[in-house]
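Look at the two complexes coming up: chain A is in both, with chain B in one and chain C in the other.
What follows is the complex of A and B.
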């Protein structure tokens, strides 16, 4: 809102018989529930919470590994708790949602031009997906071999 | 709260954390917190896993995996609180809690990976 000189503002108001109401639209706290685009935005932002949950779980795992075989076995037992499994299923969907939205942002954030023409978004995002598959495969190979 | 000049720095951390999270967290989460607990895949034993985690490159990998995504979280979560819940008046407190949490997680990760 522009900062008007209070003197003139007050002065004008007192001379105007039909003073206009200030334009201050009221936005509800739940503004993001109405439309899919807004909801998708909030869900994307909320995916960061599940990213943090994953890091906390990983820190607990490292702590258990550090404390010895018994602590680690106890940690593994805890992770079989149905509530934690449900949490991790939900987390998994959110982090994959994060991955997809993150990769799909790249063409908008960094449009690639070849020969003066803008490359289709699919072609700009595709290398990220290829890298994702390769990196995931590599992590699986290292952990499972 | 943060000055314009700091904003770029935090955004870089957010962006780097976003890439790390996008690339690595789905597979890490799937293996360690779904496939192994549910018995879909044979989990590595304690000794091989500890030996793997103690490799210098893996320690660095795990440090990056823990730290950068926390800064990604801090950035997104604070704006979600500002805009989603419209609590702009608590900006300073939210900033300290979010980035304080990320720094704390980073310190814990460094300590665990150093002493493991």
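What follows is the complex of A and C.
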């Protein structure tokens, strides 16, 4: 059994009758642009940046609330900046994408067994979606009432 | 008269070529013909030097994996007719990310070494005498690992995984899924021995959960699921090692990684 040698599998090996000169294609830096599945993965990973944007904004908002009405009014004024509005719209779509993709992956990572049988993936993912709708509805009720 | 389809096949001769090039062959399309039938037709009647691996023709041996129009496929299970409307061309290449030996034949030694490293066999330290009879399992115990045991080592998942291409030391989807197959087997006690390979940056922590390995798997093994499940088991094992008496963690590790 040959040993795993990254140097011989990665690079150019010299040709001998008993050791053919393998060709190993170079992986492009843009490997993720060629196929939708790879692009979707990169967008899913990138979406975590926009989740962080929302988290930071929320922390700033809580800080402004703690400092009083004037600070909160100033925070609201800052958030009316067109660049921040565009950023928030983009962030919103990325956060929705992030949520849906991870909810759909959860059953694969955490299979649930009931009575010795694995539950169908849709039944494992469904409670996450239900909780998402219920919590979002509650937040909307609090904000808009 | 049968319809025709053009196969663009990657050719590489290590004695003559610096890199692969494509050659086109026109083959008839019969509704029962798969890509492998077309390759056999070319080898038998057009160009006997065409080199590729195949054996069983029924999705069991895992030898005939190739890139078909950029997708990792078992060519014995990929019908020509499903591509006939798609520009009437099929591009056949060797599996991605593997070194190419000749034409469509890839070098698999690296995968086989990684597979052996995860010890994909039953390990039983306190082997009972044969007189005690066979190891019995309930249907539930079999069901826990059966999906992962369907792997045929076709390596399509390696050709689908960008981490394999970018990080050649990554153990890879099939080897980890097979390790998890034995970790989850109630007859096995080898999980602690596999931990050094699996709970490692080159093991499960190399995986970024692209999920392509599961999508292309012809046997529905779900290697991505196996890897994520092992990640959770490894974290739980690490956390519980703080509260367990010394020496208990390795003894019981196999039960946390999926055993009953």
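Heads up, the rule we're going with is that the second predicted complex is superposed on the first by the 105 of 145 C-alpha atoms of A that agree within 3 Å, B and C clash if a C-alpha of one lies under 4 Å from a C-alpha of the other, contacts with A are read in each partner's own complex, and residues count from 1 in each chain.
Note that a contact is a pair of C-beta atoms (placed from the backbone, for glycine too) under 8 Å apart; a residue touches a chain by one contact, two chains touch by 3 or more.
Only a predicted model underlies this, so the values are computations on that prediction, with no experimental measurement involved.
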{"item": "Partner, of chain C and chain B, that touches more residues belonging to chain A", "value": "B"}
{"item": "Which superposed partner A:79 touches (first chain B, second chain C, both, neither)", "value": "first"}
{"item": "First, second, both or neither for A:136, with chain B first and chain C second", "value": "first"}
{"item": "Partner chain(s) touched by A:24 [first = chain B, second = chain C, both, neither]", "value": "second"}
{"item": "First (chain B), second (chain C), both or neither touched by A:32", "value": "both"}
{"item": "Touched partner set for A:58, first chain B, second chain C, both or neither", "value": "first"}
{"item": "Which superposed partner A:91 touches (first chain B, second chain C, both, neither)", "value": "first"}
{"item": "Chain B versus chain C as contact partner of A:45, first or second or both or neither", "value": "both"}
{"item": "Touching both chain C and chain B, counted on chain A across the two superposed complexes", "value": "27, 32, 45"}
{"item": "In the complex, chain A residues that touch chain C", "value": "1-4, 6, 9-10, 15, 20-25, 27, 31-32, 34-35, 37-38, 41, 45, 105, 108-111, 113, 116-118"}
{"item": "List of chain B residues in touch with chain A within their complex", "value": "17-19, 21-34, 36-38, 41-44, 46-47, 49-50, 52-53, 62, 65-66, 69-70, 72-73, 75-77, 79-80, 84-86, 101, 105, 108-109, 112-113, 115-116"}
{"item": "Contact footprint of chain B on chain A as seen in their complex", "value": "27, 29, 32, 42, 45-49, 51-52, 54-59, 61-63, 65-66, 69, 72-73, 76, 79-80, 84-85, 88-89, 91-92, 95-96, 98-99, 102-103, 128, 131-132, 135-136, 139-140, 142-144"}
{"item": "Chain C to chain A touching residues, read off their complex", "value": "12, 14-15, 17, 19-20, 70, 96-102, 107, 109-110, 112-114, 116-117, 138-140, 143-144, 162, 165-166, 168-169, 208-212, 214-215, 222, 224-225, 228-229, 231-232"}
